[in-house]
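For reference, the structure I am asking about is given below.
Chains: A, B, C and D, in written order; residue numbering restarts at 1 for each.
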């Protein structure tokens, strides 16, 4: 049940064309090290699912800039002009969902269900009439579950079995994606012995995690971003 | 934001005929004190939603034996022969769902959605053909969300804002019900000052909780049941 | 009117005991105007309840930002949860107030703040669910855009975020309420006349006998 | 055959590294037969991964039971979660093996273990999702009911828990595998002859050249 792997062998499992969920909302919770290894290994034609596109030159923005991404499923990329331009010029396909709908599509996939009935935006331009049904007297929209082949996860702590704990706003999409992807790779700067984590405080039970990568050190990408203090 | 109330005033909010979710799987997580106050106040014609019917003479079994319950929505009542007899004799209506479907119906209500698409038991006698739809090439069953007027919750710890933490297998349905009911009443033997709980370890955020009841002591119902050691 | 005075006015909307969501930009700025002992819980879509003022550089925690990317502090009594729970809280209408920006807002309370076709479409973010499900939606924006066009319209022209969702509009020129009768002027900025306000507002304003000043 | 020998045989199905769910009754008993140093994670529907042997009376924790109501202990590396996550784990097929009881099981791997119309209907519990979604479902039951009727049938007659879900059947008389060709006899109890087994089994058995004993 020891799931520790090197970063090289864990990312080598990912083939060209894979659909990959990437945790993180902005920088917190983004698995920068796993992403950098994916850039090093160079898998192409990827579909990424992430809340946002990170900011220029870090995280999945680097993957996109490097031409490895065919399609991005996301909620908002306003903090990344470069990716907006790539979308507008047709270099990369972008599909947007409302943020909570994206979260719930992933959650419902993680629950082993196939879709859910929503009343969000049903009279707006994001809804196609073919998605609408009448159910118990209401007009509702069917939102399909969103699965993935892989998830790249950043956890604050992990044990060797793959139990995960997240910190502060680095939680965000990570526990949802860790349930919804078929093969989950989690990086963490803090590997602890089996039995050290309080069972009730574990956010992702080990059963959902395929591989745990111990980070020896954190790159500058994990630090406070100085440019965010240039008000 | 101080939500502490006496047990009397918190339960007095419940009218006759209310639909009430009750946490607990077996004894752990069952809010015995809130239930006992509901028995004392005597609200009638209740609909209860709980995983099981507890065992004879404790928890919701007492409420049922006392004639306050018209309908029970549950998954399994095999440990309570008295309630099975009341069901068989028509004294009380019982509606069964598969356990994970009941949990997910409550979860989906708590997420503010209206139903979900499932493949569980679609070719079994629990499925009515009117619930089936074709969606993206699959035959699936629409499971409706299950809301309630009230939820009675047992938490291991709570702060005055209503942030809740559960312990061991007393978690079960409690955090789900705490999101799905319109008015949530939580009992706890451990009220802690605001700021004492670790934000990432909180299972139910305060926004979902209307009232917190501090238990001065725990009745015998919360203790280890001696009869379970009579093998 | 100064941004300072506008945000200060908007901050008055917030009462002790409430749960609030603040959009990126002007709305987020108003946290800095709230008294430190005020009991409010500020929700941020990225999974924070109890978000508080911006963290100074030396205390910034790399793992703790708000939905706009600012490094923040947290209040005692706050909680952290995943993005599904965060939007469960929104869709279950646990937010008392959302204060949001706008490209356009109209007399019926329709709101457009996520897309300008052909020019600006960075995504929907949390706007649609916040607008549709919050008990009280307040728009906080400049009264006119950079070219002087009124953002306060008879009828929105851009793709809507949500219909009939806005209760109150606060701009650098006026405070207005959406009512069944139409757009009711409540307050005017100190540095504007009623004629000037009407001139720079495309929507019809209902003018009451007494108008507050801010 | 003694219950002890039957449960001991069933315990041999479990290998190091697996995630297992054990039904109420006989299946749950087999935990007691697993070596203490075996790395397995036992799942209990009420939100426990890492359930372990029964707690002795003096160490019983009132808040920690398994789905059958037994006070249990937990293994290091275990986790606690809510009932929705518990069944997410089941429906996402994270269980390697479920060992369940049966009223009836047939040659096609159909399973009936939740309802006897008019006589027994205490509810579905977690059986339907476990049977439908676990990678490998093993039935552990007595070969015949109290009146001597075979539980191992050509075709189930009771309402099904799930169709075509069972891989292996372990009873006090035999171990049988559901195969594309039919029900293949693998092992027989030490205290029974082949003729006796065939006589007390309603289903057709495929008899191989070599049959193990247990």
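As a convention for this text, a contact is a pair of C-beta atoms (placed from the backbone, for glycine too) under 8 Å apart; a residue touches a chain by one contact, two chains touch by 3 or more.
Keep in mind it's a predicted model, so treat the numbers as computed, not measured.
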Seminar exercise, completed: When each step joins two chains that touch, the fewest steps from chain C to chain D total 2
Problem set entry | Per Cα centroids, the chain farthest from chain C | D
Exercise. Hey, how far is the Cα centre of chain B from the one of chain C, in Å?
Worked result: 37
Exercise. At what distance in angstrom does the C-alpha mean of chain B lie from that of chain A?
Worked result: 32
Problem set entry | Rounded Å distance, chain A centre to chain C centre (Cα mean) | 28
Exercise. Of all residues in chain D, which are in touch with two or more distinct other chains?
Worked result: 80-81, 84, 87-88, 90-91, 133
For this session: Provide the list of chain B residues touching at least two other chains, using ranges where the numbers run on.
Result: 104, 107, 111, 113, 119, 167-168, 171, 199-200, 203
Problem set entry | Chain contact topology (line, ring, star, complete or other) | other
Exercise. Which chains touch which?
Worked result: A-B, A-C, A-D, B-C, B-D
Seminar exercise, completed: Residue positions on chain D within touch of chain A in the complex are 17, 19, 39, 41, 43, 49-50, 74, 76-81, 84-85, 87-94, 133
Exercise. For chain B, which residues are in contact with chain A within the complex?
Worked result: 104, 107-108, 111, 113-119, 133, 135-136, 138, 140, 142, 144-145, 165-168, 171, 198-201, 203
Exercise. What part of chain A is in contact with chain D in the complex they form?
Worked result: 1, 110-113, 159-161, 163, 179, 194-195, 197, 199-200, 202, 205-208
Seminar exercise, completed: Residue positions on chain A within touch of chain C in the complex are 25-29, 51, 74-79, 84, 94, 96-104, 106-107, 119-121, 123-126, 156, 167-176, 203, 222-224, 228-229
Exercise. For chain C, which residues count as touching chain A in their complex?
Worked result: 44-48, 57, 60-67, 69-71, 74, 80-84, 86-88, 90-91, 121-129, 132-133, 159-163
